[in-house]
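What follows is chain A paired twice: with chain B in the first complex and chain C in the second.
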Partner chain A sequence: MGAFMPNMSPRLRRPLWIALLLTPALLLMIGFVTLPILSAFVYAFYKWQGLARIGFAGFENFRLILFQPPFSTWTYNAFFHNLIVFVSLMVVQNGTAFFLAWMLSKGLRLHRFHQVSLFLPVILSTVIIGFLWKLFLNPLFGLVNQTLVAIGLASWAQPWLGQPSTALASLIVVNAWHWVGFPTLVYLAAMQRIPREILESAEIDGAGEWTRIRRIVWPLVAPATTIVVILTFIGSFNWFELPYIMSGLEGPPFHSTDVLGLYFYRTAFGTVSAALQDFGRGSALAVLIFLFILCISAWWVRILRRREIDL
Partner chain B sequence: MSPLFRLGATLALAVSAAAPAFAAELTFWSWRQEDRAAYQEIIADFNKLHPDVKIKFEAFEPTSYNTILSTALAGGKGPDLIQARAYGGLEAFAKPGYFLALDKTMVPELDNFAPDVLAAESMREDGKVYAVPFATQTVLILYNKELFQKNGVNPPESWEDMIAAAKAFKAKGVMPFANGTATAWQNEILMGAFGPSLYGREFNGDLVSGKATFQDKRFVDALAKLTELKEHLPQGFTGVDYPTMQQLFISGRAAMIAAGSFEIANFRRQNPKLEIGVIPGPAAAKGGPRLVSLFVDGGYAINAKTEHRADAIKFIRYVATPRFGDLFSSKLGNISPIKGVKIEDGLLADVARLNASSSPYVMLVNFRYQEPTGSTLIQSGVQKMMAGQATPVEVGADVTKGIAAYYKPFQK
Partner chain C sequence: MLKPWQAALYQALLVMTSLVMLYPVAVMVLSAFKTTGEIYASPFALPESFALRNLATIWHETRFLAYLGNSLLVTATSIALMLAAGTLAAYALARYAFRGNEAIYLFFLAGLMVPLKLAVIPLFIELRALGLIDNRLGLVLVYAAMGLPSTVFIMTGFLRTIPAELEEAARIDGAGEGRILFRIMLPLSRPALVIAGIHNAVPIWNDFFFPLVLIQSDHAKTLPQGLTVFMGEYSTDWGVLFAGLTLSALPLTLIYVALSRQFIAGLTSGAVKG
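This part shows the complex of A and B:
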């Protein structure tokens, strides 16, 4: 380093050196993250023909996706499904995770083994999980239906992904199965930080298990809850890979598994067999999704942080 | 402009102008990775005529092909030769001026095509041709000849025959149809295979001239007939997706499948022993006309900004000749629309014969130019109807209402 800047004082050299090291990463971030986001903001205000901009559109693209059926119907339908996904994952995935973490934190026999097996699906790619579960749920030769038939519950066998009453729920369950290890680990780490003495003295004072969870564990893992809620929220509203692999770009059957991610992709890039490419509407949708996630996350972080202190 | 820059620019121009003399290499983009070997043979055959023009074939994943291609073209780059889609999929690229307009002085071989085939690769606004069509595809019913023979069933001609055949298969423990409705676009295929024979020859013309909508009795009745198929589809058909239905037919578990002719090559590759027969959708009444759905698959286009225009035209002229058509049909197992092409394969020749009595694949040909496309609407409509959650009348009304957003004749 001395060879490059022989006459510079060490006080100047250090910040320069730091800047030099940061520049490549910063340039990559700007080039591949910041600029695309900003360009989407610009694109949303234009009329497009394929990938060619053919004129300024003002708020027309926003009007179409928010107020003009069937585009607006699709937007609200998809948004509603994202909401269902978020709420269900909060209950099914994170609720399970909390209790699993509590059980694991007790250090019962084989808890290491259970900890690893819970976390194992998390490291698998969504593509593998989605593909496997799609096979499991196949109505004709899927593992799920064949098992049901084998144990005498043939009438429970369903075309799980083919009917609106079960399709989205199936995807949510698979998602929970895939990711439950992550919030479990977050909660477990938080629970292990709780000083043993507090729990023990509470027990001696006659607090039952439920009281201990509610009065001691739950408030003390509040920072973990903040992380879990925010990550689940962002994940739910950016949900794409799993429904894409397991149901398809159109969110079949008849849009009952459609979510904003799928709807955005279809709109912006089109599909081989039905939808046309429209960068204007696609970008407008992306901008709205981005702003929505940003605002709600920021607001929630504030509220949840305050809650951490209150609790 | 500095003198140095000007010098550099002149030099660059001189080099690029001189380039074709050094056997330029043209790039040719496609979404058909699986056809690579066949295209190498086709290019080798082209090089027998034009040894000086080198062509490099590059294939991309079909679902992201449009995105990759349009990104490259929008950046003023992209390949010299382009495999393009037809109808609305062509216009998306031709309208912004990415493709070179072709005419008969440039490509005299355009005379080798029927007008309605060229129309698929033309822009509706200016009527100009932007790509040379490479194949037509037919939507019809494929059947397993061996299963029909073994079970003593004849290929059905009328709807009544077909239901009887389906029942016969079911009694013998064979799935009558492999079709499921879980994959959206397969619902349009289902309607494409059965629809035309049910709603008749005139319906498409009446739609285009504005005399009929999708609420027309002929169309709604055809939809209603389709629901009669439900009990002959695989168990849990609403959850049977495209790969599953393909496998049901390929493995010989199902006797029939409503499908596109583009499946034939793939099915045979996966099970060379499979003996496939083709029939149009059965007639509504005995002795009535039977029609298949027909569409142009795509075409070969030239990048409007290519630096090798003359060489690119040489290739485009070649792919419009029967010499290419013969090779294309035999190597790729698809039906070339070029006049004078001899189709040697018996099954493909059968499909080509059925094409003589056809109706356009209605949504792709007429209503895939603007959003919401007719395809999007009919796909989820039929899916909903087959699941028992919409009536044929509702589907007809929904489709008409959706298209009315941009199609004047439906706005009444």
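This part shows the complex of A and C:
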């Protein structure tokens, strides 16, 4: 760099060099992350018509979303579904992941193969996974119902995505299938860090497999649990692509798969049938979801960190 | 040590899990070679012939190649921009002491927790003002920015581990700042660059949300978005649908099978302690 600035004193050259290194990243970050997020907070306080701000609205957008039916009804309905998604994924997806990781950590034959196959869906687009399972869950010709018929359980066959009682649950199971490899490998990495001697001495002392899992492994993988809980939480409250592909923008049937992501998108950008879009209410909704995710995550990180033990 | 019956039980459960993960993928690939009638009538059978009819339909009658090209272009450009900007910034943060260093590092890190989807309305308005709506460059800028926090995090962590002696020796030999960066630091950083690259390339390649909002013209659509177009057009022709899904999954699956270690390390980095 001396060649570019031959006459500059070294005292000035160094700060300039550092500024040069930082500038492109800071510009990108401020322009396309910081500014948009701060703008969302501002936009939420305005009344909008299409793409134009037409006046200050105070807390009106927030009031509509939180207290004025039908908007508030949709908000709470969607929020409740996000909550179900989060809790179910914690149990179904991450619970499975923990035990899969424990079995993988034994280093049995084929364990490498099992890891690679578990992680395969994780690298694929939600669009692919969503369409694939939408075909599999087709009531007449889908693989799931065909399998049930083939093994003599024809009476269990149902229109999985077409009835409110099973639609959301089906989406949750597909999501778990798609992502289970991720928490599994996070847990596996944490389990492989547990010193062998601890587990071996516990075994010599007569601790059975289950006791070792509960008393040694579970507490020692607490940092992994923190990460898994937080990522699942953020993912659940940002859920959009899977319900969009598999059910649709309105969260059918009868809003039984409606979640905040779909509701936000509908509010902000309208739907094919009703092109009504409202950037004000959309921004207010985004701000509320954003603050909710941020506050709960920060609070949980504090709580969960407390149970972590450094090895 | 595991008792033999325990090992057998665990192995059986793991084999079952692998089947649950792989069987649907196998059905997808096999169905790509079947006619729709075959899929309806005999979903579990092997295809009667490995005819390439469905794949040919995708190839000739849809814009699959254009979508694929757009995905490649957008992913490659945004990753290049992200790695260049992120590594330079990380280098400044990792190797130089200056006022504001910690604050700037934390500023980037804060971006890790931010779901940028929620800022899509301002992004839409901003890109529209810049004339970048319905433009692949708009996507590139958003993706590059979105990937910066993790890139800065991964690269700063790595660059801090390079011993200071290397730098000092080069300085004594008369190397300038630029020479130290490009001839010593960057070549050593290759493994971390791969991790940061994969960590962001896979989600960018797979993203559907931002193209949905920011891209409208068919010629500019990326693969996941294009997939929704022909899934709608051919909704009754299941053979073609499975062929489309198979072809869309193929590029990343092939790379993943070859580089599974790097993919797993890359995608779980940040969630796993090094």
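Rule of thumb we're sticking to: the second predicted complex is superposed on the first by the 294 of 311 C-alpha atoms of A that agree within 3 Å, B and C clash if a C-alpha of one lies under 4 Å from a C-alpha of the other, contacts with A are read in each partner's own complex, and residues count from 1 in each chain.
By our rule, contacts are C-beta pairs under 8 Å (C-beta built on N, C-alpha and C of every residue); 3 or more make two chains touch, one makes a residue touch a chain.
Just so we're clear, the structure is a prediction, and the values are computed from it rather than from any experiment.
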Between chain B and chain C, point out the one touching more chain A residues.
C
If we overlay the two complexes on their shared chain A, which of chain B and chain C does A:Phe290 touch? Say first, second, both or neither.
second
Just to be sure I read the superposition right, which of the two partners does A:Ile54 touch: chain B = first, chain C = second, or both, or neither?
first
Going by the contact rule set out at the top, does A:Phe269 touch chain B (first), chain C (second), both, or neither?
both
One more residue to check, A:Trp160. First (chain B), second (chain C), both or neither?
first
Quick one: classify A:Pro70 as touching chain B (first), chain C (second), both or neither.
first
Scan A:Pro252 for contacts with chain B and chain C and give back first, second, both or neither.
first
Which partner does A:Val186 contact after superposing on A: first (chain B), second (chain C), both, neither?
second
Set intersection of chain A contacts, chain C complex versus chain B complex
51, 140, 269
So in the complex, which bits of chain B are touching chain A?
62-64, 66-67, 70-71, 73-74, 88, 92-93, 95-98, 180-185, 188, 234-241, 244, 248, 368-373, 375-376, 379-381, 383-384, 387, 389, 402
Which of the residues in chain A come into contact with chain B in the complex?
49-52, 54, 70-71, 134, 137-140, 145, 157-164, 247-250, 252-255, 269-278, 281
Taking the complex as given, what residues does chain C use to touch chain A?
1-2, 6-7, 10-11, 13-15, 17-18, 20-22, 24-25, 27-28, 39-40, 43-44, 81, 84-86, 88-89, 91-93, 96, 98, 104, 107-108, 111, 113-123, 125-126, 128, 141-142, 144-146, 148-149, 152, 176-178, 202, 205-209, 213, 223-225, 227-228, 231, 238, 241-242, 245, 248-249, 252-253, 256-257, 260, 263-264, 267-268, 271-273
Which residues of chain A touch chain C in the complex?
1-3, 14-15, 17-18, 20-22, 24-26, 28-29, 31-33, 35-37, 39-40, 43, 51, 100, 103-104, 106, 108-111, 113-128, 131-133, 135-136, 140-141, 143, 146, 150, 177, 181-182, 185-186, 189-190, 193, 203, 209, 223-224, 227-228, 231, 234, 238, 240-241, 244-245, 261, 264, 268-269, 279, 282-283, 286-287, 289-290, 293-294, 297
